[in-house]
Amino acid sequence: MAGNSFGTIFKLTTFGESHGQALGGIIDGCPAGLELRLDEIQHELNRRKPGQSAIVTQRKEPDEFRILSGIFEGKTTGVPIGFVIENTNQKSHDYSHIKDSYRPSHADYVYDQKYGLRDYRGGGRSSARETACRVVAGAVAKQLLKDIRIDAFVSSVGDIFLEKPYQDLDFSKIESNPVRCPDPEIAAKMEDYIKEIRKQGDTVGGTVTCVIRNVPVGLGEPVFDKLHADLGKAMLSINAVKGFEYGSGFCGAKMKGSEHNDLYNPDGTTKTNLSGGVQGGISNGMDIYFRVAFKPVATIMQKQETIDRDGNIVEMQGKGRHDPCVVPRAVPIVEAMAALVLADHYLLSRNSRI
Amino acid sequence: MAGNSFGTIFKLTTFGESHGQALGGIIDGCPAGLELRLDEIQHELNRRKPGQSAIVTQRKEPDEFRILSGIFEGKTTGVPIGFVIENTNQKSHDYSHIKDSYRPSHADYVYDQKYGLRDYRGGGRSSARETACRVVAGAVAKQLLKDIRIDAFVSSVGDIFLEKPYQDLDFSKIESNPVRCPDPEIAAKMEDYIKEIRKQGDTVGGTVTCVIRNVPVGLGEPVFDKLHADLGKAMLSINAVKGFEYGSGFCGAKMKGSEHNDLYNPDGTTKTNLSGGVQGGISNGMDIYFRVAFKPVATIMQKQETIDRDGNIVEMQGKGRHDPCVVPRAVPIVEAMAALVLADHYLLSRNSRI
Amino acid sequence: MAGNSFGTIFKLTTFGESHGQALGGIIDGCPAGLELRLDEIQHELNRRKPGQSAIVTQRKEPDEFRILSGIFEGKTTGVPIGFVIENTNQKSHDYSHIKDSYRPSHADYVYDQKYGLRDYRGGGRSSARETACRVVAGAVAKQLLKDIRIDAFVSSVGDIFLEKPYQDLDFSKIESNPVRCPDPEIAAKMEDYIKEIRKQGDTVGGTVTCVIRNVPVGLGEPVFDKLHADLGKAMLSINAVKGFEYGSGFCGAKMKGSEHNDLYNPDGTTKTNLSGGVQGGISNGMDIYFRVAFKPVATIMQKQETIDRDGNIVEMQGKGRHDPCVVPRAVPIVEAMAALVLADHYLLSRNSRI
Amino acid sequence: MAGNSFGTIFKLTTFGESHGQALGGIIDGCPAGLELRLDEIQHELNRRKPGQSAIVTQRKEPDEFRILSGIFEGKTTGVPIGFVIENTNQKSHDYSHIKDSYRPSHADYVYDQKYGLRDYRGGGRSSARETACRVVAGAVAKQLLKDIRIDAFVSSVGDIFLEKPYQDLDFSKIESNPVRCPDPEIAAKMEDYIKEIRKQGDTVGGTVTCVIRNVPVGLGEPVFDKLHADLGKAMLSINAVKGFEYGSGFCGAKMKGSEHNDLYNPDGTTKTNLSGGVQGGISNGMDIYFRVAFKPVATIMQKQETIDRDGNIVEMQGKGRHDPCVVPRAVPIVEAMAALVLADHYLLSRNSRI
């Protein structure tokens, strides 16, 4: 139980460091008979990949996955799906300066303290490169989920917010700009701001909103594995995430019951949806929506004081090619993790009744 | 995997409905040799119990727990600790009106849809009465954690916020008022507001903040079981929770890296703590702090339209004795869940090194 | 993960010591809508209970179970089923002589070494009294399994063997004699032998055979959770079990492939069944049958030398009321554990295909 | 939970089919700081590999493993260890004859029934080729276990038995002959018999005995995860295994308590060891020993009648290069699985006490 598995029935286990030979994973529990479209998996990986636009890191990683098992004649066979993504572009010398020093607000220090040693190259296992495996597995999960639609988008960068309710947005525009914000005007502002921030050698945080539609009623396993609790854990397990709220979220904490309650229509749908598609931990068939907060990337191109292994003060400056703002590339990761949670709960829910 | 277990090593499994014979649970994985102070467990239960003050539900439930196994001559023996809390005050007739109708923003509808039937008395398993078992187990976990201090308090009720940073608060004042807000002035305002809301037959939401001090470095199991991800899931699994943020949280998403990074002192502590005591999913020895959003209680003493099983519109009004605001009683539940997470990760971390 | 849970979907967690206040358990994952016949559960408990015949221990334990949750109007509701069995007949003074000494071939010594202390009364958690909870849960599992028939019987006591193939036996005779051997003549011999052994203050081992019929094709989750592997673990987890074989078992290890292979009939059944109903870890629809070896009960009414906590040699003689031979009472336990495995795999198998 | 993970703390998850691109696995939970000798891992793989002697299958598979993550500068880092074994010698055309027909006593039929389709090439996932991954992980586990010695050997082939107690054997001779039987005379007889069997186009079963020495007291997690129960499951999960017994095993079922009890020496060791090193499910420090029964390989070079997918009777004859007797190559697999169980329980036992 060292924390590298996710899910109970549809279960992903991953391995791999930023600068090791390869990353990869095993999806166990994918039912047999699913016709798998590999191009859609690669498409999701490409959305996450470095170098895709001017506002993300300019590292060059092809991020090509190879499925090693579990597929026969185009279909899943019910046995585990193993996959790898080779690491081809590791510039280990970029990282020698952090061998003995701890980057502020990175995991260097805690890995050393917890494990007694660490693979310092590129952050090792703590690098967000690990999320590529999540995207592969999430793309498989998405295909299992068929009609369920999962769409994430950037809803804020720094102080620039997309204020419109998601119902007023055109999700087909999400991929129309490098920020992945479906409102082109706001997207342009965000893009400009990110470029400015990068010029300063700085980074900035943001939020991603995710909307899940066509969810069947009945997903979620109270009292601990409530659907939104597993979604929350999934999101919080993504690098740089500091917060999660669903439905009315933190705003709901200011409201009165008479304002907050979602009244029913005769068909079981609700007139409002402050519940965010989940009641008592179980999906109620309404849209599920939630918001995820990402802190600014810790690696900045400015001088910072920090300490080395022996507690000496040293000066450090970020090297290499880093994202000035993580949220555009986080969009497919948020979707992938949501898909993993939904797939798992979909399979679990098949045993709710005799 | 029907969702009623929490933890991997220090593992709690619970059972029980609001109006069944009893609730209870099993703690498996508590190491042997822990001298257990039963009065402290009862003390935590009393903090959660109905009827403890004028601003909470006036139901009378003694909430006395009985440990049935796992303790011998005052110490844990390493075998599972079974416990029960008898239900003694169920007024089932209070709930007959919801037998065939669905309370808005409650779990009635989804339970019926998921399971095909439900124990409608008092909400059955979806009732927050279930959290009493969490408090018992959390109190055991707290004792295992020894020097680690977990303190939660109410940080907002509706629009009334406790703005002071937690470092400026006197935690010894938390229990000095029925709201469990450590600032007496703000507490008084909150109390007045809750009374007013109750008079209106309404309810109101709020937030609970939790601070964990003296945490050893090294708790947390990346990449999925990051310490804050498990804390988030734990909190989101509590009834009525809509959001979770730790450290800088949603505010962090507006910041720049140059503002957000926590610089190191020579001893490995950090000058600031926007990270919230966790970096890369692993505790770094600084205070862990997080905030949890609770929606307003769905049962209000006002007339609402809703539907019955057959989709007919019916009118409904809350009966019985309900909390106008859930956060004062949520404080010990938040602490309990935090303790469960910490205890589990503490035991897991013992195997980080050979 | 301290070992007190069994199963992944249909999951039993138990607690309780021989002389604690009560034993009990939680069944999580039983699907909703199962009409539960409580009398059948009690019937299974009665088959396991002490004092039921002249050849078992004469302890008096009513072994009445009480279900505390999870059932509403006679049906399972999909939430956890909690149950307790109160301990009413503990004669703790019977066990004071083992407080500081270790009974040979009992678990006293290893519990002390592992946990640093132990509840010595009646063997504490290591007592077979714990299996009562397995029987309750197994009886629920049996009802979930509907048409699947699980029948166990005593197939040997000491050197007295029931040699007939199970197909030649009349299972309706199993309960016709206190030994639970379906061949009345062999049963009589076994009974006499057990009585003689008891007169000697000694005990004797035996085997239990179990036959499971009407199993659907497709239960079992290779490569680790093969159906027979989980059956084997289930049986080996029962007190006093030393061996498990299924199908051809150890005899199969002497055979040639040309003798051992089960040839197919056109309908997919096989002409022979040396495979024991499982191929590649998955049920093939033929009868599953296996045999379980039980060692003789360690507590004998004869003087034995042993050691105390400090390593001093002391003399010890069994006190109290113990079984001269454990297999008659083991029959319902074997069936219960088989039912738990089958129920779990039945639910797991629902997710084999999309 | 589709059955491809083993262990709770030291956890192996595997993937891969006989004729897919590669097999592999992830070891999660190996503590940091273990200096890993890769040559020892390859050595174990070589012991399992085809073509190593005249009495095993003459397939040529290099069986070279590649570790992709989790090791840095020769040491484990506490993050998951991913590894692959490429498939380089698949002769898929060898297997076209079984595409639509079911080999007797193979898993072809049940895979088709369970999953609705199967990768028929070389048996797909049901092939024993999968055990190569177990050997890699077991070799890592062995290195973690340091002083604990695990030795398995062939104790019978058909009717030829190694009767000597293991204490009288010279384990250094195990690898001195292709059968892996430490008694050279018996080994020679076994070898001759296997050759004769192969000449007949037949196969034969056998048993493997395993002895584990220097086990610390206290491994095992009652009541379900008893050490021997997990060992039993581990062994039964290996292809072709039909039975498992430890200590006195099935013989113990014929004995009296007065004969079977192991009396203590003052130091806590026992004068005899019919318990097989485990009492109450917990290691007592004495040698653990057990015996595993393997059925004859199902693929024989003789004509057999069987059925095709549509239930038509067809004739079939084994093709390809198969083992006439599986036990010599099973020896390292038995050791590997034993090592996995011991490593897991070793880590679990660290949390027995506060």
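Per-chain numbering from 1; labels A, B, C and D assigned in written order.
Simple rule for what comes next: a residue touches a chain if its C-beta (ideal position, glycine included) is under 8 Å from a C-beta of that chain, and two chains touch if they have at least 3 such contacts.
Computed from a prediction, not measured in an experiment: that's the story for all the values here.
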(request) Tell me which of A-D and A-B has more C-beta pairs in contact. (result) A-B
(request) Compare the CA centroid of chain B with every other chain's and tell me the farthest one. (result) D
(request) Compute the distance, rounded to whole Å, between the mean C-alpha positions of chain A and chain B. (result) 26
(request) Could you please state the distance in Å, as a whole number, between where the Cα atoms of chain A are centred and where those of chain C are centred? (result) 46
(request) Report, in whole Å, the distance between the mean C-alpha point of chain A and the mean C-alpha point of chain D. (result) 39
(message) Counting only residues that touch at least two other chains, what does the list for chain D look like?
(response) 1-5, 8-9, 14, 29, 32-33, 78-79, 114-116, 125, 222, 351-353
(request) Name, in rising order, each residue of chain B that touches chain C in their complex. (result) 1-5, 8-9, 11, 13-17, 20-26, 28-30, 32-33, 66-70, 72-73, 75, 77-82, 84, 114-119, 124-125
(message) Show me the residue ranges of chain B that touch chain D in the complex, using the header's touch definition.
(response) 1, 8-9, 29, 31-34, 76, 78-79, 144, 222, 347, 350-354
(message) Which stretch or stretches of chain D touch chain C in the complex?
(response) 1-6, 8-9, 14, 102, 104-107, 109-111, 113-116, 125-126, 130, 156, 158-159, 197, 202-207, 217-218, 220-226, 228-230, 232-233, 236-237, 239, 242-250, 252-268, 270, 274-276, 279-284, 293-300, 302, 304-307, 311-313, 348-349, 351-353
